[in-house]
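Got some structures for you, see below.
Next, two complexes with subunit A in common: one pairs it with subunit B, the other with subunit C.
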Partner chain A sequence: MALLEVVSLRKTYRTSMRRVEVLTDASFTVEAGETIGILGPSGSGKSTIGQIVTGLIRADSGTIRYRNEELHYPLRSYQRKEIQILFQHPEVSFNPKYRLEQGFQEICRHYDLRMTRRELLDYLADFGLYREHLERHPIQLSGGELQRAMVARVMLLDPKLIVLDEPTSMLDTISQAQVLRMLEALQRQRQVSYLYITHSRCLADHLCQRIYYLDGGQLREEPFPAEICHQSSQKKEGRKFYHETHHIIPAEHGAAAPADRLRRESQPK
Partner chain B sequence: MLEIQNLTVRFQLPQGTITALEGVNLTLRDGEKLCVVGESGSGKSVLMLAVLCLLPENACVSGSILLDGEDLLQKSQKDLTEIRGMKLSYVPQGSGNSLNPLLRLGFQVSESLVAHRRLPRRGADQRSIQLLQQFHLGDEEQLVRSYPHTLSGGMRQRALLALGIAPEAPYLVADEPTKGLDSDRVGLVVDCFNSLEGCSLLCVTHDLTFAQQVADRVAIIYAGQMIEYETAERFFGSPRHPYSKALLDAVPERGLNAIPGFSPGHEDYTDACRFYNRCPCRTAQCQTQPKDRWDGERMVKCIYGAP
Partner chain C sequence: MKQRNLLQGRAAAVTGMVLLLLILLVAVFAPALAPYDPWAMGTPYLPPSSEHLLGTNDIGQDILSELIYGTRVSMFIGVCAALITTIIGTAVGVLAGYFGGIVDHILMAVTNVVIVVPSLPLTVVLVAYLQAGLWNIIIALCVTAWAGTARLIRAQVMQLRQQPFVQLERTLGMGNGYIMLVHILPNVSGIILTRGALSVASAMLSEASLSFLGLGALGQKSWGAILNNAFFRNGVVNNCWWWYYPPILCICVCVVAFMLIGSWDDRRSRGQNLLAM
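This part shows the complex of A and B:
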């Protein structure tokens, strides 16, 4: 059983000026503990998929099953906690008026996590964040530091599926390598699945077990491994297994939601 | 020719003085393309703003910045206004608030043509459509009438590039022109920069793949100091500073290997080499700051990488 099954997702953005059909028939699955990549050019609707899966926006039609249970919007209870997202711009992911520590306390308050300052500091040391960072405001921290803090904050909730929406495209090369390697290590420790949205084929090759390409609103699975830039070969054995277990369930037509009811929730990109 | 000599920038803050940039020497020859590479917080943007004389008022700048022999730091505001745009043009970073949200895109692109090239309004509008077409934004006639918020981040970034190259100034200063663009779009920026005949480019970036395609020369900045200054060919073939090696190893195409540790904060600066704590080849000698070792037009600030 797949952790996440997405079948025939459809989404159109409407403004007074124009209609943009970003997803016409997008289907994919994510297994527990694997990373799948969604590739595509800018504006192709990659981020839309991530936001639908995390419950930030609703699809016009299609079904999403998480642990064999359909997603209910807005997401509640375990679904809300276990499906998380890491955004492209870490500098706006934190409240600019909060010191970093308050940003963490906010999460603890909302999700009823008890953590003393000592425990928080011990936890954050693994992410390369120390007491001095906690006292600063987001504007005083670098992009790499903020994105590591973001990873740390998301991981506090012990999620099972994280949407990585271009998490490193705003970071410098070394921070990018650090954040991505950190995410890989966390995946090994915690068996978390990633839905990695990127426009870099090379990064996807490094991280993902399977890659989908978003084209004309549909997802097609890309052949693997790519000859382009992959150097490590130990991952390829793992990939074979995922290829064998990968399957897509045909669309359920009855589950389509009336488009006009959702119209007011549509927003321009 | 743009010559930066012994440039040091300090900021006066309530907590004390912070040294953002220390003793930078570099030369940008006519028609040459120089990429300044560094992590966020390394001081590369400060270098760029110093060249444009756009640093905030609490900045204390010493050294000299000679543009065709004239020191920009000694110029009056009036002269600087004349120089910016006519001689020195700027491509700001696109993700944030570089475009005025209340003005249509076409107006903002053509504004620099009207102001600096003295083009009539109508001619400027035509020219700005052509400039936008160069970056394949799609439906440009319609686009010039739209407002910045309707554009995606990548589109805004490319519009800013069109705006920056519009006045055709002999010197172009670009701040992270590829941030957040996908590889196809980065290719457009590369083509654009490579087609700028006779224009000198000072480009601040952390995208090494992009730098490799554009740069004639590379300057690496780490914790406020320039640590390597090298021709692009040599740098991407055999970098000399251990940090430069680490930088290239972290490039996805070269293995995505992260070195441990993080660059030091301003309060952690000691007498040792700034890279000391992370350096795989440190020795007891590295407890004191290495000198800039110049060899003709190349420089490395490391005892290890010296020729």
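This part shows the complex of A and C:
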């Protein structure tokens, strides 16, 4: 039984001037603990799929079944908690008016998670975040720090499916690697599934078990791994960065927490 | 260059606040400051002298005292009307901008109708039908004044709503009311405050116009009412400049004070909004 089953999703954006058919017949499945990739050119509707799955926008037609129950817009109860999203722009993923800590307190209050400050700090240490991060406003933190904080915030809800909407495309290569490796480690620990939306074929190859290509409003499963990718310079570049970062963040074996690694990484001086 | 603009903007707002503070002090300490009871009658048509600094009117009331007490009435009406205006405008703008769709259509249809209605004539008609009490004046001033604020806030909220942090609050399971109050409102607080200050200025002007037309609050000596007396009780004909220039000046100073405060450009927090990425 698939965790998520999407059948012939359809979505048209209408403005007073014109209508754009973004999705005509998009179908795909996500198994538990699996990462699937959705690739496609800009404006092809990749993000639309992610936002429909997370219940941010309503599809025109089509069915989405999550754990064999149909999803209805807007999502409620356990579905709302278990399906989450990470966006491309970490710098605007937190309300600019509040300190980072308030973003976490809000979640604890809303879901009645009884967490002392000490416990919160212990939890955040696994994500390479410390007291001084909590006391700052988003504008005083880097993109990588914010995206890690966002991962930590979302993980408080113990989600089962996370839509990753180009979560690292605004980050420098080192932060990118940190976030992606953190996500991989979390997947091993918690059996969470990812729907990875990206432009980058090589990152998708690296992370995903299956890849769909979105074209003309339909998804087709790509042969995997792609042959063409080996020749493209993008691939080489991607490989290069991924290997260059290996010495910074040693590859881990088994299901060890990302904690130690990141702690070493971003320990304040 | 940018730095200089910032300082200039701040200097204007600070000037406005100092002016406002002085005006408020006058309003609060009116009984101590006013040399006479504004209702006490004496010799009419006295020109300014050491005894009556701004002379007297047609029934011998001290004009300086009238002006000092008038500060209370004019300020009260202006501030109350602006407060109500801003609350209604903000509520309509936030709801329309946040929910969009049918809610937006309905609220904006109402707003647009209110915007195209000529506001002074409508206010005049309203005041004529309502009894000319203080609160009825305030209500009449609010009926049309909120629309501009609503449109401005709506535009800003529509932009904010698309921001990832608002979307994330939704996926994190927060309710719409909570998101609007805790996440949207603080990000439009700059506009709300500046619009509020400008609303006071325009409400005071409207009140002056109404009072001048004789539609002000009955028995209340606002600045507009003093002006009305000067015009319709032979002040202008007798060339009693001490009677009609001072209230005009008071209204001007007050309006300028609020406009200067309203010019406060909250650049720092606008930068934090990151609306322009």
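In this section, the second predicted complex is superposed on the first by the 226 of 269 C-alpha atoms of A that agree within 3 Å, B and C clash if a C-alpha of one lies under 4 Å from a C-alpha of the other, contacts with A are read in each partner's own complex, and residues count from 1 in each chain.
Just so it is clear, contacts are C-beta pairs under 8 Å (C-beta built on N, C-alpha and C of every residue); 3 or more make two chains touch, one makes a residue touch a chain.
Computed from a predicted structure; not experimentally measured.
Novice: Looking at A:H89 after the superposition, I want to know if it touches subunit B, subunit C, both of them or none. Which is it: first, second, both, neither?
Specialist: both
Novice: After superposition on the shared chain, which partner residues are touched by A:L214: those of subunit B (first), subunit C (second), both, or neither?
Specialist: The answer is neither, since A:L214 touches no partner chain.
Novice: Is A:H110 in contact with subunit B, with subunit C, with both, or with neither (first, second, both, neither)?
Specialist: second
Novice: Return first, second, both or neither, reflecting whether A:G55 touches subunit B, subunit C, both chains, or no partner chain.
Specialist: A:G55 sits against subunit C, while subunit B stays out of touch.
Novice: Residue by residue on subunit A, keep only those touching subunit B in one complex and subunit C in the other, then list them.
Specialist: Common interface on subunit A, subunit B vs subunit C: 88-89.
Novice: If you look only at subunit B, which of its residues touch subunit A in the complex?
Specialist: Interface residues on the subunit B side: 38-41, 95, 150, 152, 154, 179-185, 206-208, 246-247, 250-253, 255-259, 262, 265.
Novice: Which subunit C residues qualify as touching subunit A in the complex?
Specialist: 163-165, 167-174, 182-183, 186-187, 269, 271-274, 277
Novice: In the complex, go through subunit A and note every residue touching subunit C.
Specialist: The touching residues are 51, 54-56, 74, 80-81, 83-85, 87-89, 91-97, 106-107, 110-111, 137, 139, 150, 153-154, 157.
Novice: Sort out for me which residues of subunit A touch subunit B in the complex.
Specialist: The touching residues are 41-43, 88-89, 128, 132, 142-145, 166, 169-178, 180-181, 199-203, 206, 229, 231, 268-269.
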